[in-house]
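In order of appearance the chains are A, B and C, and numbering begins at 1 in each one.
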Amino acid sequence: MSGTFVGMPAFPKAAREAVHDTTLRGNLRHATHTIRAKRAKAVAEVSDWAALREAGKRIKDHTLRHLDRYLVQLEEAVTAAGGTVHWAADADEANRIVADLVKATGESEVVKVKSMATQEIGLNEALEAEGIHAYETDLAELIVQLGKDRPSHILVPAIHRNRGEIRDIFAREMGEWGRPAPEGLTDTPAELAEAARLHLREKFLRAKVGISGANFMVAETGTLVVVESEGNGRMCLTLPETLISVVGIEKIVPTWQDLEVFLQTLPRSSTAERMNPYTSMWTGPTDSETADGPQDFHLVLLDNGRTDTLADEVGRQALRCIRCSACLNVCPVYERAGGHAYGSVYPGPIGAILSPQLRGTASEIDASLPYASSLCGACYEVCPVAIDIPEVLVHLRERVVQGGQVTERGNKVVLKPAKGHAAERAAMRAARWAFSRPGALRTGQRLASRTRRFHPRTLPGPGRAWSGSRELPAVPAEPFRDWWQRTNGGKGEGK
Amino acid sequence: MRVALFLTCVNDTLYPDTGRAVVKLLTRLGVDVDFPMGQTCCGQAHYNTGYRHEAEPLARKFSDVFREYEAIVTPSGSCGAMVRELYPRMGERARAEGRGDTLARTLAPVVPKTYELTEFLVDVLGVTDVGAFYPHTVTYHPTCHGLRGLGLGDRPRRLLEAVKGLELRELPGADECCGFGGTFALKNSDVSAAMGKDKVRNAESTGAEVLCAADNSCLMHLGGTMARLRTGMRPVHIAEILASTEEEPLG
Amino acid sequence: MSSRDAILGRVRRALADVRQDGTPPVPEGPGRDSWYDQVVRRDYLREHGDRSVGQTVDLLAENLADYRAIVHRCTDDELSDTLMRLLAERGSGTVLVPPGLPPYWLKAVDATRVHDRARSTPHELDRVDSVVTGCAVAVAETGTIVLDGSPDQGRRRITLVPDHHICVVRVPDQVVSSVPRALERLDPSRPLTWISGPSATSDIELDRVEGVHGPRTLEVVLVG
């Protein structure tokens, strides 16, 4: 993935800083609570939500199960429609393909539709290294790009910024990139949107190359679908002469009809709307007489860890994800830790299961992500394709502490248990030993009860993780099992 | 009906009052309760932390201890969910790992007859008014594994609403996690503490004297937070409220 | 080995476990598998609720307005005057005209007609005040109009660059209840644009604001 995140600290450390940043906490709380209530309302409007969710899950599972077949079918359909299909095994290859395609046009700038796949591969940085400027055109991506910041949310990458901060970034930075922000720009959202409109319009109107991702690719027709709100997507998809779409291989749906499920579930889960303002669908370039939109269309199919994820029986369900971000918005951990703590373009619950699968669990941050959850299950409940995120989190915890067989770049390898879990592993083993022997458990309980007067109120060392913010529970005079035996199950109570 | 109390290791060790309350309540309702002395731990902490293989012997032991009973009742939403939801999954995983059906077959008998306490009261015994008396203001926190795992729905509420003297106050943001999450409370203590604090503030805003839940693990975390913040509220397990009577007040 | 073969090979190896469970392989080649619908089991509704044709049109109007489209209703005879009035109220001096717009729609309009040509640049389109088009289908449940590039709608760019879009929907013929019904009517080989209200964003504090890059004013005329 993007080099931006190399060397990120483990989640707990990054989260600690976020928890104590009151502005960030306020911004996240406000934004996530606003959208939560709206999503619930938008979903409640649809009486067959459960059936739509189930159908979405089945479509995606079926597609993944026959992914090779549908990839080939898609390639044939896109090619037949006049597009060119490229295959990229990893980020470097995808970046090279895109850079070469842009260079072939002779252009040195491109406009981009917000796309998770191109964020994931660090395309902007790779293009910059080749002397090509990539302009992000989604409002939130623009805020991130102008602010030299990192995205912190799948749908709203600048969710960590409030309107005042956005105003300051626009006023300070827009002039560096093109048309400056209007004089006396205030922080009302309408004015900020207007500033973005004016700033980006000149770029849209002169752009010769557009780069996008896609929300869906229809195998039977070769149609690509981009779901958006602002119209920046339409600008990038229709005004340039060349369009390059970089799309993860898991974004396929088999049939045109399948869109009827996702066009109902995605907007409601994502922006909590009945329908997003704009959805574009195109099947190759139009004929040259019509000349509607780019006449040169390239599709780059991206693996970059997806086939490795597909090889895992439990973890592969993460590939059903349609990037709606409902799980982020409902997650109490995300709300407090913020997106940056996840050290990936995929934050929140879905990021905690995607990043360690796409990138492996070797780095400190990736090994810590499966633990970035209280397993409360709210993410699973709202997921429109029913990804059991808690199940995958626990499965990846196993991978971290126990090791085992995984697939890396197409090869099966056996992982060793991660370092840094030795003490925990010993404790778990000891606890299992004691719990396998009620006598041993009882001895421990009695020891705790007998020494209870000497128990400290706070704990030293690792115990501070508990007692730094919470009192310890008092140990009772006797464990329940002693009372049960002493009183014959309460029948001899008081005697 | 031979009913076994699966108290859980946490309750056995730290919250014997909850165990005594369950025994008192079920006895009052005419249920013959047994506490099998061989019971220890369901393995939830092991499983959820990534030590599934360490959890397996504990699950087998659980099955050995409880399989002969007609019903297994536990005053813990999360341990109940462990048996009902995750024991079958452990069986499936063992099968997928090429270890055959043995584990799945061993665990299968206990899965359908394990009930969280409020489920047992409402669904099996068919009561919502358990004849309790509890003259206090109470707010109820539906714990995650009870709410989303077991789908307890409004059962705890209905039981609390039928308690004489009890005034139930609506908890804002009730369905949000309290931040306990087992080893999460230690591994991500800052986020956990922040979640706990927000939950306690919400509870405090109701003006209730008591924060009630059906799981002492969450209450240990919230009670510890309330004590540190000196809120004056106290955490009480729902079993203790339901067992309380005018003659023998509890909680 | 090409990356294509490498990726397809990885996919096949990754699925070794499910390939052994006895499910018949999907037939190779184009076309739809006959058993696909059995696998997906489309238990969801084709449309929500039971409405008369008139109620469906009312719902369309309501949902369009809910997302800040401005809705007008008139008869076919009144259409030309209505369009004249809307353009005049906005003070539009120029109006983009798709090649196949029925001429009588604009017969009362004074604004200068600008015709979209293959060589028209985006900058030229940017100087036009308004655009008037028809549509392919409108979806009542979501308040959506869909354009498919037919002659009365033109190229996608003409409904994008001008700041004011008037879209004429023939009711009830062009109105369907739901997203599934709309997809049934649409041809995937055409470039399609689904429009639900004017351009908007939720990128500032996850709250919706209308008006970013697309037309900031969307007027929908329901004719029938």
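Just so we're on the same page, contacts are C-beta pairs under 8 Å (C-beta built on N, C-alpha and C of every residue); 3 or more make two chains touch, one makes a residue touch a chain.
Each chain and its UniProt protein: A = Iron-sulfur cluster-binding protein; B = (Fe-S)-binding protein; C = Lactate utilization protein C.
What you see is a predicted model, and the numbers here were worked out from it, not measured in a lab.
Trainee: Which word fits how the chains touch one another: line, ring, star, complete or other?
Mentor: line
Trainee: Report back the single chain whose CA centre is most distant from the CA centre of chain B ((Fe-S)-binding protein).
Mentor: Relative to chain B ((Fe-S)-binding protein), the chain whose C-alpha centre sits farthest away is C.
Trainee: Quick check on this structure: which chain has its C-alpha centroid closest to the centroid of all protein C-alpha atoms?
Mentor: Central chain: A.
Trainee: Measure off the straight-line distance from the CA centroid of chain A to the CA centroid of chain B ((Fe-S)-binding protein), and report it in whole Å.
Mentor: 32
Trainee: Need the CA-centroid distance for the pair chain A / chain C (Lactate utilization protein C), whole Å please.
Mentor: Centre-to-centre distance between chain A and chain C (Lactate utilization protein C): 29 Å.
Trainee: Using mean C-alpha positions as chain centres, tell me how far chain B ((Fe-S)-binding protein) is from chain C (Lactate utilization protein C) in Å, no decimals.
Mentor: Computed from C-alpha means, the inter-chain centre distance equals 51 Å.
Trainee: What are the residues of chain A that contact at least two other chains?
Mentor: In chain A, the residues touching two or more other chains are 313.
Trainee: Spell out, as numbers or ranges, the residues of chain B ((Fe-S)-binding protein) touching 2 or more other chains.
Mentor: 96
Trainee: Where in chain C (Lactate utilization protein C) do residues touch at least two different other chains?
Mentor: 17
Trainee: In their shared complex, at which residues does chain A touch chain C (Lactate utilization protein C)?
Mentor: Those residues of chain A that touch chain C (Lactate utilization protein C) are 27, 30-32, 34-35, 46-48, 51-52, 54-55, 58-59, 62, 65-69, 71-73, 75-77, 81, 87-89, 93, 137-140, 143, 155-156, 158-159, 162-163, 166, 189-190, 192-194, 196-197, 200-201, 204-206, 218, 220-221, 223, 229-232, 234-235, 237-239, 249, 254-261, 263-264, 271, 273-283, 286, 289-293, 301, 303, 307-308, 310-311, 313, 316, 329, 407, 410.
Trainee: Give every residue of chain A touching chain B ((Fe-S)-binding protein) within the complex, in rising order.
Mentor: Result: residues 11-12, 15-16, 19-20, 25, 313-314, 332-333, 336-337, 370-378, 380-381, 391, 394, 396-402, 424-425, 428-429, 431-432, 434-438, 441, 445, 448, 462, 465-466, 468-473, 475-476, 478-481, 483-485, 489-490 of chain A touch chain B ((Fe-S)-binding protein).
Trainee: In the complex of these two chains, what residues of chain B ((Fe-S)-binding protein) are touching chain A?
Mentor: For chain B ((Fe-S)-binding protein) paired with chain A, touching residues are 7, 9, 11-17, 19-20, 23-24, 27, 33-35, 37-41, 43, 45-55, 57-58, 61, 89, 93, 96, 144-145, 148-149, 175-177, 179-197, 220-221, 223-225, 227-228.
Trainee: Using the touch rule from the top, collect the residues of chain C (Lactate utilization protein C) that touch chain A in their complex.
Mentor: 2-4, 6-15, 17-18, 23, 25-26, 28-33, 36, 39-45, 48, 63, 66-67, 118, 121-123, 126, 139, 141-144, 149, 155-157, 160-161, 179-180, 183, 188-215
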